[in-house]
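Both complexes below contain subunit A, partnered by subunit B and then by subunit C.
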Partner chain A sequence: MAKNKKIVVDINPEIRDVLVEMGAVDIYKCYQCGKCASACPWFQVGTYDFPVFRYPLETALGLVASSEEKEDLAKEVDKLYRCVGCEACVDQCPLGVDIPDILRAARRILLDFGCYPEPLKSVVQKIRNVGNPLGEPREKRADWAGDLDISAFQTHMEILYFPCCIPSYDARIQNVARSTARVLKKGGVPFGILGAKEQCCGEAIRRVGAESVYQEAAKANIRSFEAAGVRRVLVSSPHCLVTFKNEYPELGSSVEAIHATEYLWPLIEQGRLKPAKSVNKKVVYHDPCTLGRQCGIYDAPRKILRSIPGLALLEVEDFAREFSLCCGAGSGALWLDWPKGERIADVRIKQLVDTGAEVIAVACPYCLQMFEETVKAMNLNIPVMDVTEILYEALNEKGSAE
Partner chain B sequence: MKRIGVFVCHCGRNISGTVDVEEVVRQIRGYPGVVFCEDNKYMCSDPGQKLIKDMITEQKLEGVVIAACSPLLHEVTFRRAAAEVELNPYLLEMANIREQCSWIHADQSQATEKAVRIINAAIEKAEHDEALVPSRIPVKTRALVIGGGIAGIQAALDIANAGHEVVLVEKNPSIGGRMAQLSETFPTLDCSLCILTPGMVEVGQHPRIKLMAYSEVEEVSGYVGNFKVKVRQKSSCVDRSKCTGCGLCYEKCPVTAPSEFDEGMGKRKAIYVPFPQAVPNRPVIDRDHCTYFLKPGKCRVCQIVCPAQAVDFQQTDSVVEEEVGAIIIATGYTLYPAEKMPEYGAGKYQDVVNGLQFERLLSASGPTRGKIRRPSDGKVPKRIAFVCCAGSRDPEHHLAYCSKICCMYNAKHALLYRERVPDGEAIVFSIDVRTAGKGYEEFMMRTREEENVMYLRGKPSRIIKEGDQLSVWTVDTLTGHLLKVKCDMVVLSLAVVPPIGVADLAKKLRVQTNLDGFFSEAHPKLRPVESLVPGFFLAGCAQSPRDIAESVAQASAAASKVLEMFSKKELASEPMVVTIDEERCSGCKVCVVTCPYGAREFDEAKNIVKINEALCLGCGCCVAACPSGASEQKNLVEKQISRMVEVMLGEK
Partner chain C sequence: MDLIVCLKRVPQTAEAEVQIGPSGKEIVRDRLTFDMNEADSYALEEAILLKEKFGGTITVISLGLPDAEDTLRIALAKGADHAIRIKAEDFGELDGFKTASLLKDALVNVKFDVLLTGCVATDDSLYQVGPVLAELLGAPHATLVGKIEIAGEKAHVNRELEGGLIEHLEMSLPAVFAVQTGINEPRYASLIAIRRAAGKEIKLLGKDDIPSEHRVNSTLEKLFVPPAGKRAEIMTGTADEVSARTASLIKEKGLI
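Entry: the complex of A and B
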């Protein structure tokens, strides 16, 4: 006979203290207003109860992941991995409570016990073994460059281009890296790549809770940057951006990171890049959470798109900029498969398509991969493209200042 | 060398818990110049004070050091005691061995050593102290009240009824302030205007109140007891002495504009009085909307119809100078702009209104004559959401403080709405319902129990337009249910903030505000209605958000402080002022701009700076700023300070 579940419990200071040590520092700030609950993407999904507003207080009570029955614990773990780290809650919170950080603290404990979703175990393993979540060989990391004649980074170069694992290996998304490189060339920017000497930035697995694997990856990258004399890194992924900018300095890194859109817009403004070829399309821009809410970059991608002749830029009314709805791929969720009807990306794609757009523009490889898969699964016929891909299309042969 | 006595206080265990008082006394007894040193459990007690007085006389002391608490607490007590036995009080010094020593240290031997050094420094200061005599300043027993809301009205009437003249300056065309805009007041549901108008009328007719409406303070000079104030009377284009207030002008005026008094919910004419009970009941012309000013020379309807020929398009602003002894700041509040809240529609949705706008919809004199109609289409809203803490208690995006009055007016709004629309539903979205006040909790419970108002605990994250309705996105944190609540109208309890222009006014008055822009009180507990600058007093929301009852109480308190001041013929001025060595002053004027109180004047003829001792508060800024060392503060002269630093550092 199953044991009856205890519903009258005591506060568990031991669990609380461990969680605080693991980074759940904001738990006493929360005054339980619940604003996060309706800011959370799961509110818009509407079919899965993700009790985001309860986590700070449950952590303070030491009652997170405290179920004794295996089945209950599995449900709790599933819930803890529903957070996509979009930070819509942090952005809206009157007190700036970092709920994703609180959840990450809980995840770090789960990691220590090996108690976390199987697909993520595989991702963590692959990053530890080959330095990327796809499990591709390290030596093929620069294969995307193919015939583009991109040189290895040398100290005198202005920037290192760090494409992120997905543009490096994914057959479709390699085009983002290729487009970025071609645009940089057209702009006459001296840049190089590190190829096999770089690896995953580690952002996603840190949010999954795999702190030590993240640190190994991060330290390896920092060593490579130092060895090559890198000062400035240009990234395609906002996830690399936020990690290099905000988290690598904790490990002693001093490289400056800049997102491709923020780097390229001034080149257009200065006339070094001239998008002269018309792209006669209605394009809706999706603000990636990590680029927008987390780095405050809303305008550069829009300005690039607006500079393209013929392109009509659309906005998702009510859900653009800081109110953008996540693609659902952050904090490891890219590799998790939730039941149909419980997918954030489906809701977001509907919002984007309802604008009447012919193209969905993004500025993040995770969003791109998530939307590509979702569009296919929803049997929709709308291309999803990175802003740099669209920009490259608009730069015809005479489009450069060279 | 002076004969100095040192008195060391235990302050119960506050000091002696950390500092070895006996050891302190032993060491101080050997300090040069000290002829007497003794300790006492409570030096501020009667026996403690008696000891001081007796020893001053018996030991013929010429300087006294009390080693005890902060001078802010008991310096006055001990100086008074010294004066009783005819020792000049400025020859008595405090050595703070409590706040600056015993309270902040744990190690007894180190704390004891530090206490000895603090006392040594005070002895060195006392050694060079001079006997000072405060000068006497005459007091002009006439008050200025800035702001004609309920706080300003109350303060003006209290002072005037006590027999003194008052100048009341109000920037709007009428006095009455926010209270005049309200429908009913909580918790008694009195008609707000009905209980306000008697006071307004009394102000308007009072022989000792000079009411200056449509006017603003332009410049303040002088000092406590003797202020000179320049007031700009804005041109209303209506000759107030001729106008009879018949109202024909605004009846016939063909131009309408949004009414400020109705918070944009209704219209007024280009020539208007804000509301029928206005005091003074004299219209003003709004030049931004009047045809005569937009198309020069055109229209003139009001001028033509005016039977008293009071309309004067050529009228200009006039500046009047008033002399007063005290100034009460009662500048009131405004609401945080909805435009700053994108999550609640950023002011774009017509049917999302603020608390004051809803007051106007509830008011019998309002644009809908008290019928609840929503602004977009005039329909009766069948469900209204009241959103609390819109901008308040949100240090990350907006304001950290609680606006205090919203919980109560929400309850009132919900109740009044339910009374007027009995089939309507009122939902209050709150976080914590704060009802501290007499009869307040009972009132809030009445709205729940008698009017079935639903209180949901949760802060909405979005208000989104859906068709002709509004969807409020939230969670009820108590049940955990996620909710999209469809409403016909939303009332935001926007935070209470200082009105636009207060920052400028504070600069003109040289009176401090806090970071939120509210005027700072001299002490949050013990001097709540005095500002940090002598002669300036605070009333109402100028200081922080508060309700009518509190504003009235505080206004009367401020008035009584003014009357206390007026009851004396003369004031004693701070004698620890700055002196200028004319030989050393190079006339660089650094001190003129440094002085926060405008106590400096430049003497062109002599090319030196002079001090206005009445304005100098002895803050010492100029002493630090003076590059040639010409500024020195009495009893804080350079040789005193350097000796004090030496002994503090342990150099003999």
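Entry: the complex of A and C
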């Protein structure tokens, strides 16, 4: 029998130090129990090897994106961009190791050297250029409002509604912004919008690693908030929520951010909104990672759905609330296309459909877009709707056209 | 095998809204991202592949403003050995000829077997620097190169012509090749290589180093956005209305 070769571990302390400097501060907390691996959505997908449990140690050894061989390095970088930032691992970790944050440190360095997936380059470019990832003109940012007669935000108004990019521009998802605005009007809430002065919150590109473009976008929004005298911001996207709440204050912001579901449930409770029209459907609610695990909002969307007459709310057994499986669109993954059979959304849609639901309810534009596309690709005939869209239907006595 | 690659840092304008600045001769740079010119990144990769096969060194050179050093550093991280920036701020207005002649003077003492450029820069779309530089250096050149093979003192290259034709050439070295995009798959740089590149020197050449007179053959008069054509129809309405109108137009015009 051949003698075992001595295993030489090529440790790169210099790389470790620079990754720690870039934010990978959690690496030494990890004691490699592997609990993160079972929480990671890639474990549910099962066809792609994403060893999430290894990243803290690999980072400590300076072995991330370290291959000198072209093909191996390409695979390593692809792997770094497979993390969808759902934070299921963080939630399950006994020590709270933030693995997505560890990965982001490497992404930041690679991004500065143009060493990241091509589709994300155009997203970063478009956000810098026109303030949204779709490449749509700034002046069309308020077009979603159409004939709804929504005014520009004024200081005396209770809240600023900040739909962000996908609800502003995506032809399907504009209906989320429209429904939210209509529901607010029905509740008698004085609100306004920033229109062309709003731009992408930057949450996703920060997680892609584009720190300077994120900061530029965030600072522009903070300036707009200050100039308009905004104190409370209502958002449709949990991604806006998490960055406004936890990250904008680092740049001097003091606005309070609130998610649409969190804001609307009390209005129903107080009787200012009365969902009287029956929606006789079995509806399954998908907890968006960013709203649930990352912002702790599980109940408001459920309470809204339960308040609707006729609506039967279903849950995904074992994979609801903090155990929700990601839609697969976070941290830039919305713009990446992985091979068939390696898509997180396919697994999640199957879980949701298997509940016997007739409608999939979400509370996040990313989940909505991801699921809309996935349902089409899987040839399924099940509507995917935002909670506010369903609520608006239940408020509207005369059917969909008001 | 000693290789030279000419690189240019350009604004990424393919999907951007480009605005013209108050001088009427330049675009507004504020909201644009900048990166290595696309064809140049393929030229760089081709050089790295040749170096991996035959050994030698790669010198990268860029005529640009200080931020062009970011682009040179990317090249150093990917596998280039030496980097030179010609300080564009020292040389005033540029055109294809002046750029090529500055590059030629900067490279006068750099020995090479193969010099690579991208076939075109996406900002000024001149297609000139490769061929003009080759003439000034007295080296043979090929443009629109889609494949390079080196055997001994000869290079065998394919040029991509219109109509799907490929032209195969045998050329003697040293030679200049202006390469097409798609000739290879540009690589990423590893974190280790990025760290190493951070410490490497970038040689700067200014007007004291390249003193001879350089002239432009053409002067930029103005940049403008062409007036909208009359044949264009902008469709408005819901997605369904627009797609129905598009479908009927396609049928009407006999396009299918």
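Convention: the second predicted complex is superposed on the first by the 388 of 402 C-alpha atoms of A that agree within 3 Å, B and C clash if a C-alpha of one lies under 4 Å from a C-alpha of the other, contacts with A are read in each partner's own complex, and residues count from 1 in each chain.
Note that in this section a residue touches a chain if its C-beta (ideal position, glycine included) is under 8 Å from a C-beta of that chain, and two chains touch if they have at least 3 such contacts.
What you see is a predicted model, and the numbers here were worked out from it, not measured in a lab.
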Notebook entry, point to check: Are subunit B and subunit C a fit on subunit A, or do they clash, once the structures share the same frame?
Noted result: fit
Next item on the list: Go through the superposed model and pick first if A:Pro51 touches only subunit B, second if only subunit C, both, or neither.
Entry: first
Checklist line | Touched subunit A residues, subunit B compared with subunit C | finding: C
Item checked: Which superposed partner A:Gly114 touches (first subunit B, second subunit C, both, neither) -> second
Next item on the list: May I ask you to decide whether A:Ala106 touches subunit B, subunit C, both, or neither, giving the answer as first, second, both or neither?
Entry: second
Checklist line | subunit B and subunit C, minimum CA distance [Å, superposed model] | finding: 24
Next item on the list: Write out the stretch or stretches of subunit C touching subunit A in their complex.
Entry: 12, 14-17, 31-33, 35-36, 70, 73-74, 77, 187-195, 238-239
Next item on the list: Mind listing the subunit A positions that touch subunit C in their complex?
Entry: 12, 14-15, 18-19, 62, 64-68, 70, 73-74, 77, 106, 109-110, 112-116, 121-122, 124-126, 128-130, 135, 137, 171, 213
Note to self: For a test of understanding, state which residues of subunit A touch subunit B in their complex under the given definition.
What the structure shows: 31-39, 43, 46, 49, 51, 53-54, 92-96, 318, 322-323
Checklist line | subunit A-touching residues of subunit B, taken from the complex the two chains share | finding: 342-343, 389, 393-398, 431-432, 457-462, 464, 473-477, 480, 482-483
